[in-house]
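First chain written, first letter: the chains are A, B and C, and each begins at residue 1.
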Amino acid sequence: MTTTTHWTKKHIISLEDFSKEEYDTVLNTAASFRDVLKSRTKKVPALQGQVVANMFFEPSTRTRSSFELAAKRLSADILNFAPSSSSLTKGETILDTAKTYLAMGANIMVIRHSHSGVPLNIAQEMDRLKTGVSIFNAGDGLHQHPSQGLLDLFTLTNLLDPKNPRTDLLKRKKIAIVGDIIHSRVARSNINSLLTAGAHLHLAAPPTLLPNLFADTVKSEHKDRLFIHWHLEPALENADFVMTLRLQKERMADYLLPSLREYHQLFGITRDRLLLCNPDVKVLHPGPVNRGVELSSDLMDDERLSLISDQVTSGVAVRMALLYLIGNLKQETNPQILPTV
Amino acid sequence: MTTTTHWTKKHIISLEDFSKEEYDTVLNTAASFRDVLKSRTKKVPALQGQVVANMFFEPSTRTRSSFELAAKRLSADILNFAPSSSSLTKGETILDTAKTYLAMGANIMVIRHSHSGVPLNIAQEMDRLKTGVSIFNAGDGLHQHPSQGLLDLFTLTNLLDPKNPRTDLLKRKKIAIVGDIIHSRVARSNINSLLTAGAHLHLAAPPTLLPNLFADTVKSEHKDRLFIHWHLEPALENADFVMTLRLQKERMADYLLPSLREYHQLFGITRDRLLLCNPDVKVLHPGPVNRGVELSSDLMDDERLSLISDQVTSGVAVRMALLYLIGNLKQETNPQILPTV
Amino acid sequence: MTTTTHWTKKHIISLEDFSKEEYDTVLNTAASFRDVLKSRTKKVPALQGQVVANMFFEPSTRTRSSFELAAKRLSADILNFAPSSSSLTKGETILDTAKTYLAMGANIMVIRHSHSGVPLNIAQEMDRLKTGVSIFNAGDGLHQHPSQGLLDLFTLTNLLDPKNPRTDLLKRKKIAIVGDIIHSRVARSNINSLLTAGAHLHLAAPPTLLPNLFADTVKSEHKDRLFIHWHLEPALENADFVMTLRLQKERMADYLLPSLREYHQLFGITRDRLLLCNPDVKVLHPGPVNRGVELSSDLMDDERLSLISDQVTSGVAVRMALLYLIGNLKQETNPQILPTV
């Protein structure tokens, strides 16, 4: 890896302001860690002595484990914050909790919270106090889930060219995003990254989950590559990739969906429906899947069509890359520290 | 340790199909790790870079901690799956959870589940998918708890000959197993190992907890060494070891037991009752003990009579041995890697 | 660091019997670890191979994380005991749980429990059994929280002379302790250490939270330096430090307090009230703070006045020092092992 990486972000909060160069740096660095994970020892000393605090105010096994493993592979020390047994029940504010971990020596705080904006607020406060700590948004409300967006980007580009995964590979690719888009932080992050990469995005969902206004949320220079559909078929036609989103079953109680069965009939992805797509089409899902709702069960288990496992595997490499990039920012990012396996 | 170990098991699911040679390999390997644990550093790099995922769908402190410490001593990375804060509540199947950990890089999954057969099912599916991952049953429903059976075997044989613990030491020993046998996965695993080792097994319990049919579950070549008693005394007479089992207090609600007090009067082990046994008799219990129910409280604390602490200590060494054996299977088990302390 | 440390305590249970020399040894050792934590690697191999079992029967994030990080920085292996998923629900006694961790190989048990005396009882039993294990009280009921007392002592003396923090620095300093003193194990530990250091202590609280009898609990040679006030002002006048205590909101239900608002009006610390103190006054709080109750919110965030973050930072260094001192006791405490950074 000879590319000189230019990285200036101290926090990972949102993909809204990621540049094409930043995406490519992440993809490039993640490819390097993908190779580390295939090696025998699987570990690099890149974050030795640093403390990564996992602060998951919203429960999660999958994402927390992925961050934990990524941090361990970088030789960081990890502190797990368990909200149930926490002082939050004792009336402390989230910022006070963050300051406590800061005072204990945390260098990076990975924060998941059900309210949009919490990671950003903490990052701003940490900067105001000149603490030097990095905040990593692991999912905030309906806002953003940047590491999911980046691991999806890596999964796609790594499939297209494992030797050199880069945004350019997605130029003019047709990508369908199907499901509960309006409530999905995953969709929001993916829309940012895929449009910047140059893809054509076709969103498909019932109108209650995808209001027309949604198109106004993207940058004007990207508008001509974003298409909104209230039916599945036009989104799937000749698509190169189909991204499905997790359906929060609770939404039904909100009268946004008639029933899970009807949802599956209208928007569920099946083998038959994939015949509309490009013959090499692949399906993604951030997990956990409601089998038989977003995807038919047999499709989910078909390794030739589903990239779900690749997404999980990519997750560890991409999170290693991001922790590495923000964790080594202070002493000038030095690409030579990166292992050459 | 110069014995060449022949080990072919990729998963640890049940002791039903363990051969005498396999038991001896485990005992021999565990003796080696027992010595590692007595050394200053207590750690070997045998599983460096490997990921052990602890997936306890049934709560457990004791067993989970023992596995965790064993994996740490082998330098593995550990992922703890916490079912309460997990995506199971989000509708994912257990197999999906296992596949997620697989995709993250898990090499060994330690699974405890309240339903019999779950670890076997996952192992079969993992093999069908040619994943190379090892499944370690840490207790499944009423079925099996193989590492408990093996640590009990090690505790007994290590007491009889610490230099060379081996199954032959138990040939013709009289061992009583007392208590809630029908609901005990610990009893099932111990019956497999102790009968294969050549011991004479005397089971004692009230008929509701030990139906006569139970004898039909063992191999025909072992039948003449298995005895069923509905009274305690004949089981204890000249016994070399007495294994007690944990009584699930909930059973009483099922009308299987009149009261804990009456149970203790009829089947509780006390100093007095031990006078019926061989003078060197020792008592075992898998823990946690209901003091004054399965065992009198003073007996439990008497280090000359109770092997309960030895069982816990053996647990770490035996689990290290098992993780080592299955974790090093791929690249041909090589006994030289084992430390000679 | 050339001081030869004389340390004989195997357990950390209470500050009631700490001598001036012992306090100074802790301060001195903590200063050394404070420097380790400022170094690049932040880790020393002092407890390599040793197992620290965190047994928090009372939930705590802050203190548990601090102990966990301290143990990791000393290269110990850590076992976390999670009471909710534990065998305590299965009828095991606390002592049985401790014996189980002992048998697994625990060298130090860090115990927090809502009942006063639990750590002492376990320590006595562990000594009676000649186990060699060390018990570290991480807070027991209303009794003691020795590591909090010691980290407060370190915070104060380290502020006064970072090169050589020592008890003498507090001689004749006026320190106010304000709040729910009768229910505070933090206050009890601090009263022990600060009086031994030679400070003048002024306790201030409503009479329900500070009965006159309280003065009888301190050693007679210290009595002339302990003052009890039912009003805030005389305690603050010319004070060098103000220690505030966390108010358990549940107390109000016990009719010990009229309302949180009234409490804040009478005993809450604000910028205005600090004008009564010595101009260099600093405020402490063990956390988590009820903002606007014990302290005004703006005061808490004022780094020139508040030592709250320093307390948390000191916590890691002081706990490293204590784990180091008790963990290296067996083979004769050897100050040369200590890193010279």
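Here is the rule we use: a residue touches a chain if its C-beta (ideal position, glycine included) is under 8 Å from a C-beta of that chain, and two chains touch if they have at least 3 such contacts.
Remember, it's a predicted structure, so these values are computed and weren't measured experimentally.
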> Linking chains that touch, what shape results: line, ring, star, complete or other?
Replying inline: complete
> How would you label the chain B and chain C contact, same or different, if same means the shared numbers make up over half of all numbers there?
Replying inline: different
> Which rotation angle, from 0 to 180°, best lines up the CA atoms of chain A with chain B, given as a multiple of 5?
Replying inline: 120
> Where the centres are mean C-alpha positions, what is the separation of chain B from chain C, in Å?
Replying inline: 41
>> Could you pull out the residues of chain C that touch at least 2 other chains?
In response: 84
>> Quick check on the complex: what are the chain C residues that touch chain B?
In response: 48-49, 51, 77, 79, 81-82, 84-87, 90-93, 96-97, 99-105
>> For a test of understanding, state which residues of chain B touch chain C in their complex under the given definition.
In response: 37, 39-43, 56, 59-62, 65-66, 68-69, 72-73, 84, 246, 249, 287-291, 308-313, 315-316
